[in-house]
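To start, the structure itself, in structure tokens.
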Amino acid sequence: MNSFAPLVSVVQYVLMFIVLGAAIVTVSIGNLFRAAIFLAFTLLGVAGLYFFLHADFIAAMQILIYVGAIMTLVIFAVMLTGKMQDPLVAQSNRQKIPAFIILCGVSAFLIPTILKAPWRTLATPHATTAANLGRALMGEFVFPFEIVSLVLLVALIGAIATARSDE
Amino acid sequence: MMSINHFLIFTTLLFLIGLYGALSRRNMIGILMSIEIMLNAVNLNFIFFSRFLDVPAETAQVFAIFVIVLAAATAAVGLAIVLQIYRNQKTIYTDEIDLLKW
Amino acid sequence: MVDILKIALIPGLPLISFVVLTFFGRKLKRKSAWVAISASIGSCALSFCQILPVTSGATTHITFPWLVINQVPIEFGALIDPLAAMMLFVVTFVGSLIVIYSTGYMHDDPRFPKFFAYLSLFLFSMLGLVISPTLVQIYLFWELVGLSSYFLIGFWFEKYSAAQAGRKAFITNRIGDIGFFLGIMTFFYATKTVRFVDINPALAHTYAGSFAVGVASLLLFCGAIGKSAQFPLHVWLPDAMEGPTPVSALIHAATMVAAGIYLVARLFPLFQVFPDASQVVAIIGTITAFGAAFFALTQWDIKKVLAYSTISQLGFMVTALGVGGFSAGTFHLMTHAFFKALLFLGAGSVIHGSSVQDMREMGGLKKEMPVTFWTFVVATFAIAGFPPLAGFWSKDEILLAAFEHHHLVIFWTLALTTMMTSFYMFRLLFLTFFGAKRNKHHAHESPVSMTAPLIVLAFGSAVIGLPGSPLMHHWFQGFLSSGHHEEIHMNGFVVSISVASAAIGLALATWFYLIQPGLSKKLAEKNWLLYSASQHKLWFDEFYDATAIRAFKTSSKKLLDFDAAVVDGAVNQTGIQTVNMSRIKNWIDRYIVDGFVNFTGWFVSTVSGIGRLIQTGFIHNYLLFVLLGLLIILYAAL
Amino acid sequence: MDQLFVNLKHSILIFAGNFLPEWAVILISILISVTAIAVFGPVTMMYLTLLERKFVGRIQNRFGPNRVGKWGLLQPLADGVKMLTKEDIVPKGADHFAHFLAPVAIVIPALLVFAVVPFGRNMVAVDLSIGILFFLALSSTTTIWIFVAAWASRNKFSLLGGLRSVAQMVSYEIPMVLSVVPVLMVVGSFSTVAIVEAQSGWNWFVLTPWGLIGFVLFFLTGVAEVNRTPFDLPEGESEIVAGFHTEYSGMKFALFYMAEFMNSFTISAIVSTVYLGGWQGPWLPGWLWLLIKSYALILVMMWFRGTLPRFRVDQLMGFAWKFLLPLALLNIFAAGVWLAFARPVNYLLSAIIVALALFILYFANRPDMPKKRVYRYAVE
């Protein structure tokens, strides 16, 4: 299958560029609804990258949770605050350019750091299965798992309590 | 086999794009979306390290799952707050919500 | 303790009634009469409980310390000796009857409960006065009595004349009361006591030569002049007839006006050692008795006649006390209380039944008001002094006292006055009940609540003289003068003079008003000066008005002008200058003191205004600066 | 016969391997699978429309289409031509980009899920280790595109339909996922192939107590997921015209239709795979068995449509949250019990648990059940 690798690489790079492009559109487009659609593309692209990184379960979770649930919520919110989506109103504030400059500065620091760092990569990349993941969740990480489920429950109740209209 | 540097630069850029969105968006929903992008960039790094670095694969993926779950919680509570603010203030532009400013 | 409570409740019950009626009168409405009636009857019953031991010689004297002045304690409490017992009997008994009578007389009045409240207040004050053991306490209740009298005279204050009359009574009384008050102070200054038990012949002899005590006794008599409407302060009493008739009966005939006599009787030992003072008392009494009888001859208002008659009779009592007839005066006080109350209540019944007050519009009421008529007849014979009715016995004693103490001028004047009394009383009787009816109003007999007290009082008027008569061996006089015994001998001459003058009065009245009705008019025209002198009461009111009142008013006006110009001027100038000063201070305060404060505030807010530009309130800015800081740290660390 | 299509593909690949490099052969292999699915999906959809019209027609005592071709067999082609030549209308004020994107994007997950359907022995495009999860995740993305379509149309009815659709699909997704969990517990893998393998020799999961309940749950929620009667509130004609695709015409409408029918088929196929033994069956080839089972389920769906009235919105939500969800949770428990005990006992115990659950839920939900209809206003 080694000869198949370049093909995979090409697809991966394409996906990466799609994700970057969609993300840029997401943060810069004036129409928030379209931004949400492009966010969906970004998330789907990230899910695709998970597949290529042999994290199938995470990829499925990404689609199920991010695309299926969070995106639905976001679009719901966009629709419920529909009056705020007037195209005539500026969607970005006045610190666009300073922000861009500062972020350029940050990247100018981070990218050389990444390039200079001595990464000790594995000879053979390893992957795991959903079964192993389940064992880890129920064994080693059972406490964080329980806490996260509690947090989720609290968030659920909190969201309902916050969003309900006053009688 | 893609370059480790390329992938890390990709995730960095993705993160910074999200950060840029969080800095420049006026709309609270837009900010939330930008934050989701940043979280995704972080998650990609987790998964990438789980595959190519000398760490147990499960650990990184478990953390990625936690991040996703917490992102879901953030989105739920955050959007509920947005709706409530919209109901009370009739705006979701952060620079117009200045109730606590003297 | 129970005894104290029993005594305290004698004036206490009316007080309770007063408080209850003041606060709950509006709710009780008609039922408020029952509160007052039960209170007065209750205190009457309690009084009898106290009187009975007194008749057997026991005197109750309870005191509590109240004030201490110059180591001399001034007390309050109760003194029930024979004199007080007699007064208690009169006040509670007649008072109860009049309260009952009032329920009928005041039946349609809108302020029904208030009337009974005032009546209860009066009873409380009067009973308190009667049982007072000291001069100070008696003065206190004296004023309370005056106050309740003022309330009751002015009860129909919607009527201008009633309000005026109330005021007149109050002010005239004040003049006497000032004398009374000065008298108390002088007496206290001189003798270091105000207790009645100390005012006895022994004490009197100790201070026999003291000028201060003499003056004090005269000043104290001033109070009696005011309260008992003696000359020259008699002018208020006829005007007080503006009040409701039961009030006239109770206060201005039976009880309150008798307070002056009571006071003089209390001070009797004092007057005995000062012949000049008692001479003054006797003379004033005689002038009052004669003058008032003279005025009464020509009055047309039924109540005015009775009012002057009252003054006249009070004059008799004062004269008796002045000439040394202690028991005679007090005896007449008691009998007078009965028949005068009866006369007033009868007059009230007439007014109630016929709705008029002027005798010229009455006449022929004999058939329409039989009960009133017959009781009135009894009272008239009693006051005129026909035996064996009450008035005869007491009046006879007064004449006897004057005769025995060799005051012959006084004796003959009183005899003349007796004849006049008989004349005007029968004139009243004939004009009211006999002859033809002179108005178109249909008169009617009064209700039982009014006639029942009339009958009781008529019975009383008939028999109350007996205890003082020779038939009962002058028991009453013996009972009263337990301290200073006096011998009483029936004198045939005096008795015949008394009866004869009364009979002459009756005959004249019959001649003038029954047999020759036009004669009185002719006589009046012939002697117009005398007639109008009587009619206008010797122009006393006009005289007072022209002299005392006008002068007083003028000086008051002058004083007012002075007050407005000088005193107020000074005050106002002070005010104006203060305001000016304050303006200056205000300016200083506003521009200098406040200036500092405001400048401080302005300075701080301006500087912070510059400083707060950093605090934009936008979360984005903060995040941006956080990143900027991160960037600086990163490059610095590099 | 069983391996007909597999062998066909193999021979093509061997043939190509003679003169092409290895990566090209792999590419061809992928292309063959993709082409097969890309052809099979739309054709299935086309003939499903015809089948539905014929079948519902029979239920309603009429013939259905029978003019174009023998028995109307060419009707779908005629419809396709008609759709392609129809005018494409975009409402004024609509979001053009989103309006175009939604119908195109909605077909993608519908086609992608074919990749994990095992049509027969060795007849699966990609044997993913997370096969079932893949199917569930992709089918959940459909909501977004329905939502986008509703929003982009700038139409009140569309928006209402979209909102209903999202609410419905989010609600039914939960019992759907939970109803698959017992199977995953028993099999120990997400892979669809492994699931089918586990049911060999008549060990169909539908024949266990929990399996029966799971099958019914999965099928009902699946019907709800594809918005078919009686769960077709998002496009209820009598209430909100045509729901989210009111403003769509021509080929874009056809794409929505295609996605819906392909989803109906994949749902049926996956239900067959998970509970009805997939391609397992005697005598006949595996792929034929799967098609028979799938079409049987599709005919049940059409039978529903011909028979049942539509739910009310509150009834719909109540049914999902108050009945299906607790039942699915109790069903997981029943499956756990079934796994924990030996053969004869576990059937009995899980049957008791399931029966109790059904009983309790039935009585707990009694107050919310649809009453006998009373036409109050019609009478008065």
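Just so it is clear, A, B, C and D label the chains in written order, and each chain counts residues from 1 on its own.
Note that in this section a residue touches a chain if its C-beta (ideal position, glycine included) is under 8 Å from a C-beta of that chain, and two chains touch if they have at least 3 such contacts.
Just so you know, these numbers come straight off a predicted model, no measurement behind them.
Undergrad: Just to be sure I understand: going only through chains that touch, what's the smallest number of steps from chain A to chain D?
TA: 1
Undergrad: Quick check on this structure: which chain has its C-alpha centroid closest to the centroid of all protein C-alpha atoms?
TA: B
Undergrad: Could you compare the number of C-beta pairs in contact for A-C with that for A-B and name the larger?
TA: Looking at A-C and A-B side by side, A-B shows more C-beta contacts.
Undergrad: Would you kindly tell me how far, in whole Å, the mean C-alpha position of chain C lies from that of chain A?
TA: Each chain reduced to its C-alpha mean, chain A and chain C end up 107 Å apart.
Undergrad: Provide the C-alpha centroid distance between chain A and chain B, rounded to the nearest whole angstrom.
TA: A distance of 7 Å separates the two centres.
Undergrad: Centroid of chain B to centroid of chain C, CA atoms only: how many Å?
TA: Computed from C-alpha means, the inter-chain centre distance equals 101 Å.
Undergrad: Quick one: report the Å distance separating chain B from chain D, using the average Cα coordinate of each chain.
TA: 33
Undergrad: What residues in chain B touch two or more of the other chains?
TA: 19, 23-24, 94-95
Undergrad: Taking each residue of chain A in turn, which ones touch at least two of the other chains?
TA: Residue numbers touching two or more other chains: 57, 61, 69, 76, 93, 95, 99, 103, 106.
Undergrad: If you look at chain C, which of its residues touch at least two other chains?
TA: In chain C, residues 618, 620, 624, 627 touch at least two other chains, as defined above.
Undergrad: With chains as vertices joined when they touch, what's the shape: line, ring, star, complete or other?
TA: Chain contacts: none of line, ring, star or complete; other.
Undergrad: Considering every pair of chains, which are in touch?
TA: A-B, A-C, A-D, B-C
Undergrad: Which bits of chain A are touching chain B when the two form their complex?
TA: Listed in rising order, the residues of chain A that touch chain B are 5, 9, 12-13, 16, 19-20, 23-24, 26-28, 32, 35-36, 39, 42-43, 46, 49-50, 53-55, 57-58, 61-62, 65-66, 69-70, 73-74, 76-78, 80-81, 84, 89-93, 95-96, 99-100, 103, 106-107, 110-111, 114-115, 119-122, 125-128, 132-133, 135-137, 140-141, 144-145, 148, 151-152, 154-156, 158-160, 162-163, 165.
Undergrad: Within their complex, state which residues of chain A touch chain C.
TA: The touching residues are 93, 95, 98-99, 102-103, 105-106, 109.
Undergrad: Within the complex, which stretch of chain B touches chain C?
TA: 19, 22-24, 94-95, 98, 100-102
Undergrad: Under the stated contact criterion, what part of chain C meets chain A in this complex?
TA: Per the stated touch rule, the residues are 618, 620-621, 624, 627-628, 630-631, 634-635, 638.
Undergrad: What does chain B use to touch chain A in their complex?
TA: Listed in rising order, the residues of chain B that touch chain A are 1-2, 4-10, 12-14, 16-21, 23-27, 29-30, 32-34, 36-37, 40, 43-44, 47-48, 50-54, 56-59, 61-62, 64-66, 68-77, 79-84, 86-87, 91-95.
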